[in-house]
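Structure in C-alpha coordinates, see below.
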Amino acid sequence: MTVRVQTEDFDLSAELADFAKGRTDVGARVSFTGVVRDVEGGLDRMEIEHYPGMTQKAIAAMVEQATLRWELADCLVIHRHGPLRPGDQIMMVATAAPHRVAAFESAEFLMDYLKSRAPFWKKEFGADGSCWVDAKDEDEDALSRWE
Amino acid sequence: MLDVMYFAWVRERIGEPRERVETRAATVNDLVEELRTREERYAVAFQDLSALRVALDQELADFDASLEGVREVAFFPPMTGG
Amino acid sequence: MTVRVQTEDFDLSAELADFAKGRTDVGARVSFTGVVRDVEGGLDRMEIEHYPGMTQKAIAAMVEQATLRWELADCLVIHRHGPLRPGDQIMMVATAAPHRVAAFESAEFLMDYLKSRAPFWKKEFGADGSCWVDAKDEDEDALSRWE
Amino acid sequence: MLDVMYFAWVRERIGEPRERVETRAATVNDLVEELRTREERYAVAFQDLSALRVALDQELADFDASLEGVREVAFFPPMTGG
(Lines give C-alpha, C1' and ligand atoms only; values in the text may rest on other atoms or scores of the structure.)
Protein backbone atom coordinates (compact mmCIF):
# COMPACT_ATOMS: atom_id res chain seq x y z
CA MET A 1 0.00 0.00 0.00
CA THR A 2 1.62 3.26 -1.14
CA VAL A 3 0.54 6.90 -0.83
CA ARG A 4 2.54 9.73 -2.40
CA VAL A 5 1.75 13.45 -2.31
CA GLN A 6 4.04 15.39 -4.61
CA THR A 7 4.41 18.34 -6.98
CA GLU A 8 6.19 16.29 -9.67
CA ASP A 9 4.36 14.53 -12.45
CA PHE A 10 4.17 10.73 -12.38
CA ASP A 11 4.54 8.17 -15.13
CA LEU A 12 1.31 6.14 -15.12
CA SER A 13 2.93 3.56 -17.39
CA ALA A 14 5.92 3.08 -15.12
CA GLU A 15 3.75 2.99 -12.01
CA LEU A 16 1.48 0.32 -13.48
CA ALA A 17 4.27 -1.67 -15.09
CA ASP A 18 5.32 -3.14 -11.76
CA PHE A 19 2.08 -2.74 -9.82
CA ALA A 20 1.20 -6.07 -8.19
CA LYS A 21 2.89 -7.82 -11.08
CA GLY A 22 3.77 -11.50 -11.00
CA ARG A 23 1.35 -12.22 -8.17
CA THR A 24 -0.71 -15.25 -9.06
CA ASP A 25 -3.45 -14.42 -6.52
CA VAL A 26 -4.34 -11.18 -8.34
CA GLY A 27 -7.00 -11.51 -11.03
CA ALA A 28 -7.86 -7.84 -11.50
CA ARG A 29 -6.06 -4.52 -11.61
CA VAL A 30 -7.85 -1.19 -11.95
CA SER A 31 -6.32 2.24 -12.45
CA PHE A 32 -7.85 5.69 -12.44
CA THR A 33 -6.11 8.85 -13.62
CA GLY A 34 -7.49 12.34 -13.08
CA VAL A 35 -6.51 14.97 -15.63
CA VAL A 36 -6.88 18.78 -15.69
CA ARG A 37 -9.79 19.61 -18.01
CA ASP A 38 -10.27 22.83 -19.88
CA VAL A 39 -13.99 22.73 -20.52
CA GLU A 40 -14.50 26.17 -21.99
CA GLY A 41 -11.08 26.66 -23.53
CA GLY A 42 -10.13 29.58 -21.29
CA LEU A 43 -8.12 27.81 -18.61
CA ASP A 44 -4.51 28.87 -18.33
CA ARG A 45 -3.56 26.84 -15.27
CA MET A 46 -4.81 25.30 -12.04
CA GLU A 47 -3.11 25.54 -8.69
CA ILE A 48 -3.71 22.87 -6.11
CA GLU A 49 -3.20 23.83 -2.49
CA HIS A 50 -3.08 21.20 0.23
CA TYR A 51 -2.65 20.81 3.98
CA PRO A 52 0.78 19.19 4.24
CA GLY A 53 0.45 17.81 7.75
CA MET A 54 -2.93 16.25 7.08
CA THR A 55 -2.92 15.10 3.44
CA GLN A 56 -0.75 12.01 3.65
CA LYS A 57 -2.46 10.85 6.85
CA ALA A 58 -5.96 11.44 5.49
CA ILE A 59 -5.25 9.45 2.32
CA ALA A 60 -3.53 6.66 4.24
CA ALA A 61 -6.66 6.40 6.42
CA MET A 62 -8.82 6.04 3.27
CA VAL A 63 -6.53 3.32 1.94
CA GLU A 64 -6.74 1.59 5.32
CA GLN A 65 -10.55 1.71 5.14
CA ALA A 66 -10.45 0.23 1.63
CA THR A 67 -8.24 -2.66 2.74
CA LEU A 68 -10.67 -3.42 5.58
CA ARG A 69 -13.62 -3.42 3.21
CA TRP A 70 -12.22 -5.32 0.26
CA GLU A 71 -9.74 -8.11 -0.24
CA LEU A 72 -6.93 -6.09 -1.84
CA ALA A 73 -3.52 -7.36 -2.86
CA ASP A 74 -2.17 -3.84 -3.33
CA CYS A 75 -3.19 -0.22 -3.57
CA LEU A 76 -1.41 2.92 -4.81
CA VAL A 77 -2.46 6.57 -4.56
CA ILE A 78 -0.46 9.47 -6.02
CA HIS A 79 -1.81 13.02 -5.74
CA ARG A 80 -0.07 16.13 -7.01
CA HIS A 81 -0.25 19.70 -5.72
CA GLY A 82 1.10 22.98 -7.06
CA PRO A 83 0.59 24.46 -10.54
CA LEU A 84 -0.87 22.28 -13.32
CA ARG A 85 -1.79 22.92 -16.96
CA PRO A 86 -4.76 21.61 -18.96
CA GLY A 87 -4.08 17.99 -19.91
CA ASP A 88 -1.71 17.47 -16.96
CA GLN A 89 -2.24 14.49 -14.71
CA ILE A 90 -3.58 15.45 -11.26
CA MET A 91 -3.63 12.12 -9.50
CA MET A 92 -3.94 8.38 -9.85
CA VAL A 93 -5.33 5.43 -7.94
CA ALA A 94 -4.49 1.80 -8.64
CA THR A 95 -5.94 -1.28 -6.97
CA ALA A 96 -5.15 -4.98 -7.32
CA ALA A 97 -7.48 -7.70 -6.06
CA PRO A 98 -8.38 -11.34 -6.60
CA HIS A 99 -11.68 -10.32 -8.26
CA ARG A 100 -12.81 -7.51 -10.53
CA VAL A 101 -15.62 -6.25 -8.33
CA ALA A 102 -13.25 -5.60 -5.42
CA ALA A 103 -10.73 -3.88 -7.70
CA PHE A 104 -13.38 -1.61 -9.25
CA GLU A 105 -15.28 -0.82 -6.07
CA SER A 106 -12.20 -0.03 -3.99
CA ALA A 107 -10.87 2.30 -6.70
CA GLU A 108 -14.22 4.11 -6.83
CA PHE A 109 -14.38 4.27 -3.04
CA LEU A 110 -10.92 5.86 -2.91
CA MET A 111 -11.83 8.34 -5.66
CA ASP A 112 -15.06 9.35 -3.93
CA TYR A 113 -13.26 9.95 -0.64
CA LEU A 114 -10.30 11.72 -2.25
CA LYS A 115 -12.74 14.11 -3.97
CA SER A 116 -14.45 15.27 -0.80
CA ARG A 117 -12.29 14.27 2.17
CA ALA A 118 -8.65 14.75 1.15
CA PRO A 119 -7.46 18.29 2.01
CA PHE A 120 -6.85 19.66 -1.47
CA TRP A 121 -8.27 22.86 -2.96
CA LYS A 122 -8.18 23.77 -6.63
CA LYS A 123 -7.90 27.30 -7.98
CA GLU A 124 -8.32 27.97 -11.68
CA PHE A 125 -6.56 30.82 -13.48
CA GLY A 126 -7.87 31.97 -16.85
CA ALA A 127 -8.36 34.94 -19.12
CA ASP A 128 -11.21 36.14 -16.85
CA GLY A 129 -9.18 36.00 -13.65
CA SER A 130 -9.06 33.31 -11.02
CA CYS A 131 -11.51 31.37 -8.91
CA TRP A 132 -11.62 28.54 -6.41
CA VAL A 133 -13.30 25.40 -7.70
CA ASP A 134 -16.47 24.74 -5.71
CA ALA A 135 -17.13 21.36 -4.17
CA LYS A 136 -20.02 19.65 -5.96
CA ASP A 137 -23.11 18.33 -4.21
CA GLU A 138 -22.91 15.22 -6.38
CA ASP A 139 -19.43 14.49 -5.03
CA GLU A 140 -20.68 14.75 -1.48
CA ASP A 141 -23.68 12.59 -2.39
CA ALA A 142 -21.37 9.96 -3.89
CA LEU A 143 -20.08 9.19 -0.39
CA SER A 144 -23.50 7.99 0.78
CA ARG A 145 -23.02 4.91 -1.39
CA TRP A 146 -20.31 3.70 1.02
CA GLU A 147 -22.03 4.37 4.32
CA MET B 1 -2.26 28.73 22.75
CA LEU B 2 -3.43 27.26 19.45
CA ASP B 3 -1.88 27.02 16.01
CA VAL B 4 -4.66 28.19 13.71
CA MET B 5 -4.30 27.49 9.99
CA TYR B 6 -6.29 28.72 6.99
CA PHE B 7 -6.49 27.26 3.50
CA ALA B 8 -7.80 28.30 0.08
CA TRP B 9 -10.17 31.32 0.12
CA VAL B 10 -10.28 31.30 3.91
CA ARG B 11 -6.52 31.90 3.90
CA GLU B 12 -6.97 34.67 1.31
CA ARG B 13 -9.67 36.43 3.35
CA ILE B 14 -7.74 36.15 6.61
CA GLY B 15 -4.60 37.26 4.82
CA GLU B 16 -2.21 34.72 6.28
CA PRO B 17 -1.78 30.94 6.26
CA ARG B 18 -1.33 30.46 10.01
CA GLU B 19 -1.07 32.23 13.31
CA ARG B 20 -0.73 31.53 17.02
CA VAL B 21 -3.92 32.35 18.89
CA GLU B 22 -4.13 32.94 22.63
CA THR B 23 -7.57 31.73 23.63
CA ARG B 24 -9.61 29.98 26.28
CA ALA B 25 -12.35 28.97 23.84
CA ALA B 26 -13.86 25.63 24.86
CA THR B 27 -15.18 24.61 21.43
CA VAL B 28 -14.53 25.43 17.78
CA ASN B 29 -17.72 27.52 17.76
CA ASP B 30 -16.40 29.54 20.71
CA LEU B 31 -13.10 30.11 18.89
CA VAL B 32 -14.95 31.25 15.77
CA GLU B 33 -16.99 33.72 17.84
CA GLU B 34 -13.83 35.10 19.41
CA LEU B 35 -12.09 35.54 16.05
CA ARG B 36 -15.18 37.13 14.46
CA THR B 37 -15.20 39.92 17.02
CA ARG B 38 -11.49 40.63 16.55
CA GLU B 39 -11.35 42.12 13.11
CA GLU B 40 -13.50 42.60 10.04
CA ARG B 41 -11.47 40.08 7.96
CA TYR B 42 -12.33 37.28 10.41
CA ALA B 43 -15.99 38.27 10.34
CA VAL B 44 -15.89 38.05 6.55
CA ALA B 45 -14.05 34.72 6.46
CA PHE B 46 -16.35 33.13 9.06
CA GLN B 47 -19.57 34.66 7.75
CA ASP B 48 -21.15 31.37 6.65
CA LEU B 49 -19.99 28.36 8.63
CA SER B 50 -21.94 25.98 6.39
CA ALA B 51 -19.37 26.84 3.69
CA LEU B 52 -16.49 25.92 6.00
CA ARG B 53 -14.86 22.78 7.33
CA VAL B 54 -12.63 22.44 10.36
CA ALA B 55 -9.86 19.99 11.28
CA LEU B 56 -8.52 19.51 14.81
CA ASP B 57 -4.97 18.19 14.96
CA GLN B 58 -5.32 17.25 11.31
CA GLU B 59 -8.55 15.29 11.64
CA LEU B 60 -11.91 16.53 10.34
CA ALA B 61 -14.19 17.63 13.18
CA ASP B 62 -17.50 19.38 13.87
CA PHE B 63 -17.83 23.01 14.92
CA ASP B 64 -19.21 21.97 18.29
CA ALA B 65 -16.16 19.81 19.04
CA SER B 66 -14.16 20.53 22.17
CA LEU B 67 -10.74 22.18 21.91
CA GLU B 68 -9.44 20.48 25.03
CA GLY B 69 -5.95 19.14 24.39
CA VAL B 70 -6.02 20.38 20.77
CA ARG B 71 -2.88 22.04 19.43
CA GLU B 72 -3.72 22.73 15.79
CA VAL B 73 -6.99 24.01 14.31
CA ALA B 74 -7.45 24.42 10.55
CA PHE B 75 -10.28 26.18 8.72
CA PHE B 76 -10.96 25.65 5.04
CA PRO B 77 -13.69 25.35 2.41
CA PRO B 78 -15.07 21.92 1.37
CA MET B 79 -12.25 19.94 -0.19
CA THR B 80 -11.86 19.44 -3.91
CA GLY B 81 -9.33 16.65 -4.33
CA GLY B 82 -9.18 13.92 -6.96
CA MET C 1 -12.53 3.25 -30.19
CA THR C 2 -10.29 0.22 -30.63
CA VAL C 3 -10.92 -3.52 -30.26
CA ARG C 4 -8.15 -6.08 -30.62
CA VAL C 5 -8.41 -9.87 -30.30
CA GLN C 6 -5.00 -11.50 -30.34
CA THR C 7 -2.80 -14.30 -29.04
CA GLU C 8 0.16 -12.00 -28.27
CA ASP C 9 0.64 -10.31 -24.93
CA PHE C 10 0.08 -6.55 -24.70
CA ASP C 11 2.03 -3.85 -22.89
CA LEU C 12 -0.45 -2.14 -20.56
CA SER C 13 2.02 0.68 -19.99
CA ALA C 14 2.51 1.35 -23.67
CA GLU C 15 -1.24 1.09 -24.36
CA LEU C 16 -2.05 3.60 -21.64
CA ALA C 17 0.86 5.91 -22.36
CA ASP C 18 -0.88 7.33 -25.40
CA PHE C 19 -4.47 6.55 -24.55
CA ALA C 20 -6.57 9.70 -24.98
CA LYS C 21 -3.50 11.73 -24.04
CA GLY C 22 -3.29 15.47 -24.57
CA ARG C 23 -7.05 15.85 -24.85
CA THR C 24 -8.18 18.70 -22.64
CA ASP C 25 -11.81 17.51 -22.56
CA VAL C 26 -10.86 14.29 -20.78
CA GLY C 27 -10.87 14.46 -17.00
CA ALA C 28 -10.81 10.76 -16.20
CA ARG C 29 -9.15 7.64 -17.50
CA VAL C 30 -9.86 4.17 -16.13
CA SER C 31 -8.10 0.92 -16.98
CA PHE C 32 -8.87 -2.66 -16.05
CA THR C 33 -6.51 -5.59 -16.55
CA GLY C 34 -7.54 -9.21 -16.10
CA VAL C 35 -4.81 -11.64 -15.08
CA VAL C 36 -4.67 -15.47 -14.92
CA ARG C 37 -5.02 -16.47 -11.25
CA ASP C 38 -3.74 -19.65 -9.73
CA VAL C 39 -5.94 -19.89 -6.68
CA GLU C 40 -4.95 -23.31 -5.40
CA GLY C 41 -1.42 -23.42 -6.71
CA GLY C 42 -2.04 -26.32 -9.09
CA LEU C 43 -2.63 -24.46 -12.35
CA ASP C 44 -0.17 -25.17 -15.11
CA ARG C 45 -1.82 -23.18 -17.87
CA MET C 46 -5.12 -21.90 -19.23
CA GLU C 47 -6.24 -22.10 -22.85
CA ILE C 48 -8.73 -19.61 -24.16
CA GLU C 49 -10.80 -20.66 -27.15
CA HIS C 50 -12.86 -18.12 -29.05
CA TYR C 51 -15.22 -17.84 -32.02
CA PRO C 52 -13.13 -15.91 -34.55
CA GLY C 53 -15.97 -14.69 -36.75
CA MET C 54 -18.02 -13.43 -33.83
CA THR C 55 -15.59 -12.17 -31.20
CA GLN C 56 -14.49 -8.90 -32.75
CA LYS C 57 -18.05 -8.03 -33.80
CA ALA C 58 -19.53 -8.89 -30.41
CA ILE C 59 -17.00 -6.74 -28.55
CA ALA C 60 -17.39 -3.86 -31.01
CA ALA C 61 -21.15 -3.97 -30.36
CA MET C 62 -20.53 -3.71 -26.60
CA VAL C 63 -18.23 -0.73 -27.14
CA GLU C 64 -20.91 0.83 -29.32
CA GLN C 65 -23.47 0.36 -26.55
CA ALA C 66 -21.08 1.97 -24.06
CA THR C 67 -20.58 5.02 -26.27
CA LEU C 68 -24.36 5.44 -26.57
CA ARG C 69 -24.79 5.23 -22.80
CA TRP C 70 -21.90 7.37 -21.61
CA GLU C 71 -20.06 10.39 -22.91
CA LEU C 72 -16.76 8.73 -23.81
CA ALA C 73 -13.76 10.35 -25.43
CA ASP C 74 -12.13 7.00 -26.16
CA CYS C 75 -12.34 3.31 -25.41
CA LEU C 76 -9.92 0.41 -25.89
CA VAL C 77 -10.48 -3.33 -25.48
CA ILE C 78 -7.77 -5.96 -25.95
CA HIS C 79 -8.58 -9.64 -25.34
CA ARG C 80 -6.17 -12.51 -25.77
CA HIS C 81 -6.85 -16.13 -26.72
CA GLY C 82 -4.63 -19.21 -26.85
CA PRO C 83 -2.42 -20.61 -24.07
CA LEU C 84 -1.73 -18.47 -20.96
CA ARG C 85 0.23 -19.08 -17.75
CA PRO C 86 -0.60 -17.96 -14.19
CA GLY C 87 0.21 -14.26 -13.84
CA ASP C 88 -0.23 -13.63 -17.58
CA GLN C 89 -2.47 -10.81 -18.71
CA ILE C 90 -5.74 -12.03 -20.26
CA MET C 91 -7.33 -8.78 -21.35
CA MET C 92 -7.65 -5.06 -20.74
CA VAL C 93 -10.26 -2.35 -21.01
CA ALA C 94 -9.51 1.38 -20.95
CA THR C 95 -12.01 4.24 -21.02
CA ALA C 96 -11.55 8.01 -21.18
CA ALA C 97 -14.35 10.45 -20.34
CA PRO C 98 -14.96 13.99 -19.17
CA HIS C 99 -16.02 12.72 -15.73
CA ARG C 100 -14.96 9.91 -13.43
CA VAL C 101 -18.38 8.30 -13.08
CA ALA C 102 -18.69 7.76 -16.85
CA ALA C 103 -15.14 6.40 -17.05
CA PHE C 104 -15.70 3.94 -14.18
CA GLU C 105 -19.20 2.85 -15.15
CA SER C 106 -18.40 2.27 -18.82
CA ALA C 107 -15.33 0.19 -17.91
CA GLU C 108 -17.44 -1.93 -15.53
CA PHE C 109 -20.21 -2.24 -18.13
CA LEU C 110 -17.70 -3.50 -20.71
CA MET C 111 -16.18 -5.94 -18.21
CA ASP C 112 -19.57 -7.33 -17.23
CA TYR C 113 -20.54 -7.88 -20.86
CA LEU C 114 -17.16 -9.31 -21.84
CA LYS C 115 -17.45 -11.85 -19.00
CA SER C 116 -20.76 -13.30 -20.13
CA ARG C 117 -21.40 -12.21 -23.72
CA ALA C 118 -18.09 -12.28 -25.56
CA PRO C 119 -17.51 -15.73 -27.16
CA PHE C 120 -14.50 -16.89 -25.14
CA TRP C 121 -14.17 -20.16 -23.22
CA LYS C 122 -11.45 -20.92 -20.70
CA LYS C 123 -9.97 -24.34 -20.06
CA GLU C 124 -7.62 -24.91 -17.17
CA PHE C 125 -4.83 -27.50 -17.22
CA GLY C 126 -3.26 -28.62 -13.96
CA ALA C 127 -1.76 -31.55 -12.12
CA ASP C 128 -5.23 -33.11 -11.79
CA GLY C 129 -6.08 -32.90 -15.47
CA SER C 130 -8.09 -30.28 -17.35
CA CYS C 131 -11.49 -28.70 -17.04
CA TRP C 132 -13.60 -26.00 -18.64
CA VAL C 133 -14.18 -22.98 -16.43
CA ASP C 134 -17.89 -22.71 -15.61
CA ALA C 135 -19.75 -19.46 -16.11
CA LYS C 136 -20.68 -17.98 -12.74
CA ASP C 137 -24.22 -17.04 -11.77
CA GLU C 138 -22.87 -13.84 -10.23
CA ASP C 139 -21.40 -12.84 -13.60
CA GLU C 140 -24.76 -13.36 -15.28
CA ASP C 141 -26.46 -11.45 -12.45
CA ALA C 142 -24.02 -8.55 -12.87
CA LEU C 143 -25.62 -7.79 -16.24
CA SER C 144 -28.98 -6.98 -14.64
CA ARG C 145 -27.41 -3.78 -13.30
CA TRP C 146 -27.30 -2.40 -16.85
CA GLU C 147 -30.79 -3.38 -18.02
CA MET D 1 -27.27 -26.34 -46.05
CA LEU D 2 -25.97 -24.92 -42.81
CA ASP D 3 -22.51 -24.37 -41.40
CA VAL D 4 -22.75 -25.72 -37.87
CA MET D 5 -19.97 -24.87 -35.42
CA TYR D 6 -19.16 -26.18 -31.98
CA PHE D 7 -17.00 -24.62 -29.27
CA ALA D 8 -15.43 -25.64 -25.96
CA TRP D 9 -16.84 -28.87 -24.45
CA VAL D 10 -19.58 -29.00 -27.09
CA ARG D 11 -16.84 -29.25 -29.71
CA GLU D 12 -15.07 -31.93 -27.66
CA ARG D 13 -18.25 -34.02 -27.32
CA ILE D 14 -19.19 -33.70 -30.98
CA GLY D 15 -15.60 -34.43 -31.95
CA GLU D 16 -15.19 -31.71 -34.56
CA PRO D 17 -15.24 -27.93 -34.66
CA ARG D 18 -17.59 -27.53 -37.63
CA GLU D 19 -19.54 -29.39 -40.25
CA ARG D 20 -21.95 -28.80 -43.13
CA VAL D 21 -25.44 -30.00 -42.28
CA GLU D 22 -28.14 -30.75 -44.83
CA THR D 23 -31.40 -29.90 -43.07
CA ARG D 24 -34.87 -28.46 -43.46
CA ALA D 25 -35.18 -27.63 -39.76
CA ALA D 26 -37.29 -24.49 -39.30
CA THR D 27 -35.91 -23.51 -35.91
CA VAL D 28 -32.83 -24.12 -33.78
CA ASN D 29 -34.88 -26.51 -31.64
CA ASP D 30 -35.81 -28.50 -34.74
CA LEU D 31 -32.15 -28.68 -35.77
CA VAL D 32 -31.15 -29.87 -32.29
CA GLU D 33 -33.82 -32.61 -32.45
CA GLU D 34 -32.54 -33.73 -35.84
CA LEU D 35 -28.93 -33.86 -34.66
CA ARG D 36 -29.85 -35.70 -31.45
CA THR D 37 -31.39 -38.60 -33.37
CA ARG D 38 -28.37 -38.90 -35.67
CA GLU D 39 -25.71 -40.23 -33.35
CA GLU D 40 -25.06 -40.78 -29.68
CA ARG D 41 -22.40 -38.00 -29.52
CA TYR D 42 -25.00 -35.40 -30.53
CA ALA D 43 -27.46 -36.75 -27.99
CA VAL D 44 -24.74 -36.37 -25.34
CA ALA D 45 -23.70 -32.87 -26.41
CA PHE D 46 -27.30 -31.61 -26.59
CA GLN D 47 -28.52 -33.40 -23.49
CA ASP D 48 -29.19 -30.26 -21.45
CA LEU D 49 -30.04 -27.22 -23.55
CA SER D 50 -30.08 -24.96 -20.50
CA ALA D 51 -26.28 -25.46 -20.40
CA LEU D 52 -25.96 -24.35 -24.03
CA ARG D 53 -26.03 -21.13 -25.97
CA VAL D 54 -26.61 -20.65 -29.68
CA ALA D 55 -25.52 -17.99 -32.16
CA LEU D 56 -27.08 -17.51 -35.60
CA ASP D 57 -24.80 -15.88 -38.14
CA GLN D 58 -22.58 -14.83 -35.23
CA GLU D 59 -25.28 -13.21 -33.13
CA LEU D 60 -26.64 -14.72 -29.91
CA ALA D 61 -30.14 -16.14 -30.41
CA ASP D 62 -32.79 -18.25 -28.66
CA PHE D 63 -33.41 -21.94 -29.33
CA ASP D 64 -36.84 -21.18 -30.73
CA ALA D 65 -35.40 -18.73 -33.30
CA SER D 66 -36.12 -19.37 -37.00
CA LEU D 67 -33.34 -20.67 -39.24
CA GLU D 68 -34.76 -18.97 -42.30
CA GLY D 69 -31.96 -17.27 -44.22
CA VAL D 70 -29.39 -18.37 -41.66
CA ARG D 71 -26.08 -19.67 -42.94
CA GLU D 72 -24.06 -20.29 -39.78
CA VAL D 73 -25.23 -21.84 -36.52
CA ALA D 74 -22.88 -22.14 -33.52
CA PHE D 75 -23.44 -24.10 -30.31
CA PHE D 76 -21.38 -23.50 -27.19
CA PRO D 77 -21.51 -23.36 -23.38
CA PRO D 78 -22.08 -20.07 -21.53
CA MET D 79 -19.20 -17.76 -22.31
CA THR D 80 -16.37 -17.06 -19.89
CA GLY D 81 -14.55 -14.03 -21.24
CA GLY D 82 -12.87 -11.22 -19.36
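Chains here go by letter, A, B, C and D, matching the order in which they are written, and residues are numbered from 1 within each.
In this text, a contact is a pair of C-beta atoms (placed from the backbone, for glycine too) under 8 Å apart; a residue touches a chain by one contact, two chains touch by 3 or more.
Small disclaimer: the values here were computed from a predicted structure and weren't measured.
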| item | value |
| --- | --- |
| Euclidean distance of C-alpha centroids - subunit C vs subunit D, Å | 26 |
| Averaged-CA centre spacing for the pair subunit D and subunit A, given as whole angstrom | 48 |
| Between subunit D and subunit B, distance of the C-alpha-averaged centres to the nearest whole Å | 72 |
| Multi-partner residues of subunit C (at least 2 other chains) | 34, 100, 111 |
| Residues of subunit B touching at least two other chains | 82 |
| Graph class of chain-chain contacts, one of line, ring, star, complete, other | line |
| Listing of all chain pairs that touch each other, if any do | A-B, A-C, C-D |
| Subunit B-touching residues of subunit A, taken from the complex the two chains share | 34, 49, 51, 53-54, 57-58, 79, 90-91, 111, 114-123, 132-135, 140 |
| Contact footprint of subunit A on subunit B as seen in their complex | 5, 7-9, 11, 55, 58-60, 72, 74, 76-82 |
| Subunit A to subunit C touching residues, read off their complex | 12-14, 16-17, 21-39, 41, 43, 86-87, 98, 100-101, 103-104, 107-108, 111, 142 |
